[in-house]
Every structure is written in C-alpha cells, then in structure tokens.
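Shared chain: chain A. Partners: chain B in the first complex, chain C in the second.
Coming up: the complex of A and B.
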C-alpha cells in the first residue's frame, strides 16, 4: 500500500502537549469531530460536544469507525411521481463537509483501506468516496491492546500500523507524538500549527519503544495461515461447517461490528403513495440473516446457518484473498469479544488450517 | 452446591445408554474465561462440561434449532436431546410445552440449581476488575464469587456483580427436570420487579425520552431476537423469507409484498421492532435476560419484557413458565379476567 505524499514532501513529525489538545480541537471548527465516547458502559465513535470532552485512550468501540465512511443507512436518490405519469429522480449525494475522527485504532485504519478497494475497482461508489475523501482519520497507536482478543499482528497488521490513517498519535504520557501521513493529516496539524513543537530525537525513540512494546503485549495469535485460502477452497462441502455453526444463533453482531464487512442492501422506502414518492436507501446487510442473498424465486443458496458461517470465513480468508490479495480481517477481535455464544474466528481458522492433517 | 462430577457422570450415563441424541451443555474453551454452549455426542466428551457463574446462555434456544433440523431430516432421530437447564431455562421449556412447540419427550432435562446466587453480569465484573484479565469465575460457599485474575483471586459478594435478572429471579431451582443437581432450597425474592419500579416512577415524558434515547442506539443486529428461545416464528417480521414466488408472480406482486418495517435503523423502525418483540413476548418471557446480555450496545431490553411480565402478573395473576398444563396466557379467557368485551 502506497502512502500518499504529504504537502511539504517530507514527513511531518511533531509533538503536542496533552494539555494543548483541547486548544487544537478548538481550531478545528470547520470539521465535524468524532471521538470514542462511553455511554451505558459501551464505547462508540460519537460527535464531540466540546473540545474538553475528548479523552483518547486504548479503548475498542463496539461499532467500528467504518460507520463514518460507510454509514448503516444512507440515501441514493429520491423518486417522485410527476403529474404526467412520469417519475422524477433526484440524486442525493452526501454532503462533503470535512469530518475528522480521533482515536481510530490502527486495525480500523487498515480496514478502511480494504473497503476502499471494494468501493473502487470496476465501479467507483460516489456515495462512499464523497464521505471517504471528506474524512480525516487520526489514529491512536495502541499502547496496550484495547481488547483481550486483539490479534492484528497475525493478519499483517500492527498496533501502530499507519495504513489508511492520515495522522498517527502515539501517547508519550504528557505529550502525543504526532506523525502526519497524508496531506489531510498535515492540514490538520497546520490548523493548530502553533501548538505543535518539533520533536527531540529522544521523543522519536520513546515513541518507537512504546510501539515495539505494544506488539509484545498482544496475547492472541493466529499463526501459519498461509495455506488457509487454498484449504477453504477444498472445504466448501465439508461437514466441518455444520459442527462449527451448532452454537451460532444467527445474529448480525460479528458482521455489523466488523470493520471490514461491507455487504449492503438497497430498499425503496415509500413516503407517500399518491403521488408515489420516497427514497432509495442503502443499509448494511449481513450474510448471517435469513434473507441475505434470498432470490426472488424463493431459493436461497445459503439456507442454513452452516452455510452462513462458511460465507463469513470464506469471504475473509479465501474470496477476498483471491480478489484483493489481502485477508479481509484486521484482527480487531470484536466478533470474538461480542459474540453472544463465544464463536471465535481465531479458533475456527485454526481448525480449518489443521483440518484433515 | 452442584458437584461438577455429578453433572459429568449423569451426562456420561445418558450418552452411553444412547438415551439422548446429544447433550447441550456448557464448556470452557481455551483462551476464554467464559462458558460457551457445547454439543456433546460421545460419553467421553462429558468431561468437557462446566458449571460456573458464566453459564449465562439459555440453551433452550438450541432446542428450537433442533426441532427445525429434525423437520428437515428424511428419517429423523427421534430420541430426545439432553439439556443442562437452570431455573430460568427450565421455565422456557415449560412455555414451549404449553405452546405445544415441543413435546415433553423431546428433551431430557439435567437441571442445575443456582442455589443462592446466579450468573454474573460481565459489565459489572469488568468494573470490579478494572482492566485486569479475568481467568476464571467460580461459585463461592456463601453467596459470593471467587474471581481469578492475572493478579490473584478476588472474593466478591454475589449481589455486587450478579446479573440483574438473577437478583430478581423467582426460580432459582429448575421447575421441571429429569435429573436435578444441587441444593433444592427455594430462594425468596422480596421485590421481583424492583428494576421496573424505578422506570415506572418516571413521568410519561421522561419514559418516552428514556426509551427513544435507548432505541437510537439499536443497530438492528437482532441479537436479542436470535438469543431468545421464545422467538421461534417461522418467519420473523423483520425478514421476509417465506413470500411464495411462482412463475406466475408478477413484478408488481413482488414489489407490493407486505413489508412490516424498513431495514433502516431509524427511530420509528427501531421502536416498532422492539415493541413488536415485547408484545409478542407478553406472558411468554421467562426473564432469562439473554436479549439484554447479547445486546452489543447495552439497551436495557429486559425492562420491556419485565414490564409485560408484571402486567401479566397484576392483571391476570399469571406466572410465566411454571405449569405446562396451564393454558398459555394469550390463548385463554377466564371468568375472572378484567376485560369482559370478549364474552
């Protein structure tokens, strides 16, 4: 993944005192600012109500940052029956007001690079890109793993990965070590230019040390998975999926809360029938629901929960690898931590790896 | 206290005798301190069974799956499935029996008494352990839990981290079972609707604000429905899967199929979904609290169902899930019922 060049043509590394952080936020008036906020014991990215209300910490939100570039619900167009029996369509592109998201986990930044691929390629999705281009992702390097089920280092990631991020902050205690990674990231620093100092060589060393230490703190590993894509190809009809899915209850948690899952549905939401008027709406969809890929004939190629679990694993560890040469999993561990019945993607993939050998 | 060896040996015995098709119980997989559902087919697997304060799940959910599976088999194995059931779970079995969804002979129930405690609330525990990694949670001897973390053990009074549903539980020992383990002393609960009373005391405006704020959080993952043993409709209002399409079905008919609610997670649709579920569970919910535990955004869903349970109790003197021979609340009318429009 090539990281886009920054304005000045050289890496912009700066130091920001934590006490100046609210001042920096005040300078970002032009942006809609999001950061993790705790409500009812659950963290989520929410719009920031005031510059003093952001505490960046090693937390894992329930819903990933993908919801900002790929919201659970968005409009495509409006339709309206006209007097001459025609239909008027009006495209409803999202507004491109700038957005900045603080506290993004490096695994989520990497995940956005994967959804970027899906929404580009043969068809460029204007709705996705309008939001994506307007969004600046400010990552926070993980000092300690935000989840006991973190395993980013097993799927080509790291707790200080820069992929997909515009700016990476590393918590040095009293200060943040700030690395601008793109033009958007640099612009954000320039907004609060006076607050940022040039780092001393020992600051960089300290940041690097914290980053190296963080990798060692990751408890969970998914090793030797190079052959898993090929293995999965041969296991499509295996009874393995029946056994593994016995305890699955078919909810949408693992996929809706996955930073890389991007399946969607489209529906016409009718507001009035005379004249016929409404909106075409895109919402998240998930392979775990019974009407996913339901054909209009009534046939469903994935009728059982076993075929739905298989779809989730195959998409992440076979199909995506075949198409985009990347695992479609960045190791955030949400699907493990939040599964009501403890289905563990690491265990499932390990079992695939060891199946029949 | 339930002796785990007794649980294992009973499971081993029934599996060995071929008395059951398989047993649905709890195991603890490596890398987690929480119990997970497990399906045991062989007697030697019985050693996997655990019984601890993390056995949250209402395994009756999987009895519903089994019925569906059996219906699709050409030559179904008609033996019962074994199930490890807590008090609340056993009440779910009673409701399924009342509604004739299953027959008594479909299940072999190994009942486990929760005695004087119940299962824990993970979020309450997380506050106590303050970031320390939990390794194990066990029942203590005197209404307490022994929590093992990376830093040693903590002795926590049960009331401090017990799930709310267990604090208000009216069936600490299974109501129905084929083999019952653990102490059989019934525990009295002074205020079984305490949590609802708090909400009831709010003004109508505050209640509306409370619930609309909560419903805004919903991402419609349907974990609440999926975890519920009572949500067994062939076709749930939220997903249209049984619309009969033939070669003659016109595009217009397809387009005009009944769509009860939109997929959009917006206030109107979220509230509609949750109210439909609450109404469908009135007089049926046995307060296992799985909807609330499964919810990834922590909506207090149990309160909706608990309120319905309270209505059933106060209006009709109906206790859910205690008597399989009693007609289900919503399918019967008695002379003493308060509404007389039906006469």
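Coming up: the complex of A and C.
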C-alpha cells in the first residue's frame, strides 16, 4: 500500500464537503462501517448498509461504542472431546478485518483509553486488542450536548476531546473539519484523499469557535470533586449507601451501558454432550447483580444493593483513580438518563463531596 | 501479541485421592501437563482449572514447588465446577491456566518461627508452604501447625498429618466433642489461644473460611502478634484470574492478581469487604 505525501505523526487537518461524505464512504470498501442509526426511537451503532444511510448528528446512542471493541458476547475458544479421552481446544480469535466507527462521541473515545488500560499490562487481552487494533474510531465533536445529562467537562473531558479517537470531525455546517489524530485516522483520509481539501485559516477558527461554544452549552456540572476519592475512603461504612441505593432495582443498566465499565463473565456453552463439544464465551457482567461476587458457599462480600452501589461509585471515583490516576467516568450521562429509578451519579457524587460538611 | 491468556493448557489427572467423604467431600487431584512442560510457580499461587463444558474455578496449588512430578489441587465439592471436578476420573483431561497471584514472602521469613493455622479446606493453600518450609528446614526456626475441621471425618491430608507429627508439632481440633478424640475441641481461634503461641520472632499464616480468618487474626492480636507478623490468603469469586473481570476486588486490589497473600498490616488498610 502506498502512503504518499503526508508524513505519519504530523497533524493532518483537512476539510471535507458534506456532499462528498457518501463518496468517502464508498472508498472505504475494505472496512466494516458502523454509524449511529435510529430504530424504534433508540440510537445505536449499527453496521452501515449503504453510503447514503449515514447521517452524522449530535446523538447519544444507548449502547456505547465500546461494544465494537468489547462486544457483549464473544467466543474465546471451542472445546471438543476426542476419541482417545482427550480434548482439543481451538482458539477463536476475532478476524483482522478493519472496522471503522463513525459518530463516536469524544467521551466514548476517552472511555476507550480507560478500557485500554484494563485490557493491557502483564496479561494482555488478545480478544480486546485484536478488535481494538482493527478499529478506527472517527469522533464527531459535539456541537450541542447529545444528552441533557452530559457532564464531560466535569471529569477532565470536553465535547471535542481527541483522546482515544483516530480522527475527529467537527461539523462546520456545509463541511466537516477533519483532524487525523493517528496513523489509522490518516489512512482513512488517504482512502478518499481527493475529496479532502486543505483547510483555510478561517476554517480552523470556525471549528475552534464551535468547540468552545459547545463547552458552554453543557448544563450539568459535577464540581469540586478533587477530594472525592479520599472522601469515599472514609465513607465505606456509612449509612449513606443504604439511603442512596434504596430505589435501586438492580437491573445493571448503569454498568452495562457505561462506556468505561468492563466487568465480564466467562462461561461454557455446551453444543453437544456426546462427544462433548462447545465454546467458552465471554459476556458483559455487572457489579450490580448479587451473584456477581457470591461464593459457591453462599458467602457474599457484597450481599446488599447498598454495597453494590458503593462498589460502583468507589470503583469509578476511588479505586480506578488510585490505580490509573483517572476517574472511571467520562461524563456521558447514560447511567443517569437510562436508570429506570432515577439514580443520578452526579447527585450521588455531589452528596459524597458534601457529606459531613 | 504473545500467548493467549485465556487459553488453558491441557493436563491429565494421574491420581485422585478421596480425602473426605460425606456431605462436604474433598478430593486431591494430581495432574500432569499433556505437553510434558513444567509449571513454574511460587508458594501461595493459584491456578484456574477448567472442566470443559462446566467452566473454570480458581484453586490454590496444594503441592510444594519442590515437587516436580505433578501439580496438586485439593478441592472441596461446593459449586458447579468443583462438583464436576469431583465427578472426574484418573485419565480425564482438564484445563489449567496460571499460575496466578502473589506468593508468600519466604525470603523475608528466613530464620523465623513459622505458625500455620488452617481450617477446613483452608489447609490446602498452606499445604505447599508447610512442605516448602519443611523441605528447607535449616532456613527457618520452629514450625508449628494448627489445624481444625468440623468433625474428625472432615480432616484433610489425614495420613500425611500423622506423618507430619513426627517432624513438627501439629495441633488438631474439631468443633464439637466426639468419642475417642483426644485433641482440642473448639474453633481454630480457640486452639490458637489455648496453645499460647509466642509472637517472638514468629510469623503466623492463617487460611480458612472468612469467619475463621477474622477470629484467628483477633486471637493472634490478643497473643500480641504485630500486624506485620500475621499473614493470610484471601479468596473471592473469580472468573478471569488476571485482574480484568472485576469481581474479586477488595478496594483497589484484585485478589487474583494482587493477592491472595496479604499481611494483616496490608489487609486491614483495605475495605473489609471479603
């Protein structure tokens, strides 16, 4: 493959006319393309069937983009009983086929940088990284907050954050301001190279103005939380958690639909018993379910929903901070908007902040 | 990208010993890897055992690293996977991932008296350690084992314990009196108090059910052991074994990766949620 003209590592800013966007998509034949699509009033990242079907707008999907790199279900390997009382294992790694996701919210890009940390290290997760490396995330800077519960600016994010993204598009009206942020992003622009023009200085200014104004439009704030990690440490045994979790119906939505939550379960699915054949499968799991931590003896370190809400908040605003120096929350507001009983993480953390003062 | 961390290695069961029968059966399994490879591990580490079709379970390695001929696991039949393990026979193939977790700081313990306090299946994680220290006896001071089970029928490693009595003090206990029982009757914590163990130049390691660990630590504190002299191995429900699936955490620690071995000085600083 030819990588001409543009040197990797250099910032590559371009302009793409919106009318040329379908043409660009046509050039991306090698990729499996995902974009937000509305079905039954719910937005979700879905495979794109044709170039005309993509409309990029300020929407918040129900399920975050994490599902592309960390799907709700995936197979690890197949096991099969052999004739000699043995077992044969066949690794089922994801395919290498490149994927591109359009319309990724900057808070979701930032969230991917957090799951990256979890799935790295001494025990690198091959399934996550195979998908992650094959995926190009094309962010769309938020012009207006896609959710009334957006609060990215309170957790070190912004509606135009570039973290975790490969390419950031900013909607300038008739055109997109396109910033390639990684080699994968550059490559995507190069696929439709002729469609992209060099930006004029006023284009950049316009993009920056839109981005600055977008920040001002965010209504919800979670201020002064620097001391929350320490505060939480002292509140472990507080009755506060009983009060806050009273209304929880332990549905797990807050965690399943969180772009940063990564907890999972592993189980064997049996297809035939003689000979034994089946697959080991990973599925999303949640700390909000009582059997998540229950020992087979029946002993449960987190038996009450209060201890499980405490775990969710502590993980996001204390433990993760201690391990990775980052809140495990990027302020997308899904857990607030989608909680069936109105538990509001902003209010919970504010109460923690103000507790006892 | 290197080795797939979720793919178990295949091993064959070469020997099964029925330690305890009845309602809470315990079996000891000895295994060999099919590829003939060894398995480098340290005392205190665990491994994830796969019974294909049933799932995985984290089990402590009950053989000492000094043993090269097999890898040993002693398993209480309790949940889905351990029940399936108990149904397995010699010659059957299981999967093993690991070893996982930290280990006992044996180098730091050189020259010290070592007390092992186990309850029920909690002797299994200590068993490799007992044999490791016994095998390197000159490196340590006095070795003492305190072990309790519900009844005399629930004692694991029964014959080995009798053999062990010839080489080091072994104090057994059962929870309620039985005809013919000449040793201590009561809980492990009570036996620890009864034996008036000296904290002088000593390290005490305890493992057993959560309530036993908590009471033994209290007993050791009453005997004036410092927090730094008390160790335990913690267990929690686990799935991945490598600090990612999120369920075995105590505060910021994942027991599978950062544990299972903790000094009380370390563990008391964490949320008491285990």
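Note that the second predicted complex is superposed on the first by the 348 of 357 C-alpha atoms of A that agree within 3 Å, B and C clash if a C-alpha of one lies under 4 Å from a C-alpha of the other, contacts with A are read in each partner's own complex, and residues count from 1 in each chain.
Here, a residue touches a chain if its C-beta (ideal position, glycine included) is under 8 Å from a C-beta of that chain, and two chains touch if they have at least 3 such contacts.
The structure displayed is predicted, hence computed values, not measured ones.
**Q** Specify the outcome, clash or fit, for chain B and chain C once both structures are aligned onto chain A.
**A** Chain B/chain C on chain A - steric clash.
**Q** Regarding the shared-chain residue A:257, is it in contact with chain B (first), chain C (second), both, or neither?
**A** First partner only.
**Q** Can A:87 be said to touch chain B (first), chain C (second), both, or neither?
**A** second
**Q** Could you look at A:281 and tell me whether it touches chain B, chain C, both or neither (first, second, both, neither)?
**A** first
**Q** Is A:41 in contact with chain B, with chain C, with both, or with neither (first, second, both, neither)?
**A** In the superposition, A:41 touches chain B alone.
**Q** Which partner does A:297 contact after superposing on A: first (chain B), second (chain C), both, neither?
**A** Both partners, chain B and chain C.
**Q** Once chain A of both complexes is superposed, is A:247 in touch with chain B (first), chain C (second), both, or neither?
**A** first
**Q** For A:265, using the defined touch cut-off, is the partner it touches chain B, chain C, both, or neither? Pick first, second, both or neither.
**A** both
**Q** Once the structures are superposed on A, label A:356 by its partner contacts, choosing first (chain B), second (chain C), both or neither.
**A** neither
**Q** Please indicate which partner A:201 is in contact with in the superposed arrangement: first for chain B, second for chain C, both, or neither.
**A** After superposing on A, A:201 lies clear of both chain B and chain C.
**Q** I want to verify the contact counts: of chain B and chain C, which reaches more residues of chain A?
**A** Looking at chain A, the partner in contact with more of its residues is C.
**Q** Can you tell me which of the listed chain B stretches (235-243, 253-261 or 325-333) runs into chain C once everything is aligned on A?
**A** The one stretch of chain B in steric conflict with chain C is 253-261.
**Q** Common interface residues of chain A with chain B and chain C?
**A** Residues common to the chain A contacts of chain C and of chain B are 265, 267, 285, 294, 296-297, listed in rising order.
**Q** Okay, in this complex, where on chain B does chain A touch?
**A** Touch list, chain B to chain A: 29, 31-32, 34-39, 57, 61-62, 123, 126, 133, 217, 219-223, 225-227, 239-241, 243-245, 254, 262-266, 290, 293-294, 296-298.
**Q** Within the complex, which stretch of chain A touches chain C?
**A** Within the complex, chain A contacts chain C at residues 76-77, 79, 81, 85-87, 89, 91, 93, 118-119, 121-127, 129-130, 236, 262-268, 270, 273, 276, 278, 280, 285, 287, 292-297, 299, 301-302, 307, 311, 314-315, 318-319, 322-323.
**Q** Quick one: in the complex, what on chain A touches chain B?
**A** Counting only chain A, the residues touching chain B are 39-42, 44, 62-63, 72-73, 148, 220, 246-247, 249-253, 256-257, 265, 267, 269, 281, 283, 285-286, 289-291, 294, 296-298, 300, 338, 340-342, 344, 346-347.
**Q** Can you check the complex and tell me which residues of chain C touch chain A?
**A** Spelled out, the residues of chain C in touch with chain A are 1-2, 4-8, 10, 34, 52-56, 78-80, 82, 91-93, 95, 209-210, 235-237, 239-240, 242-252, 257, 271, 273-274.
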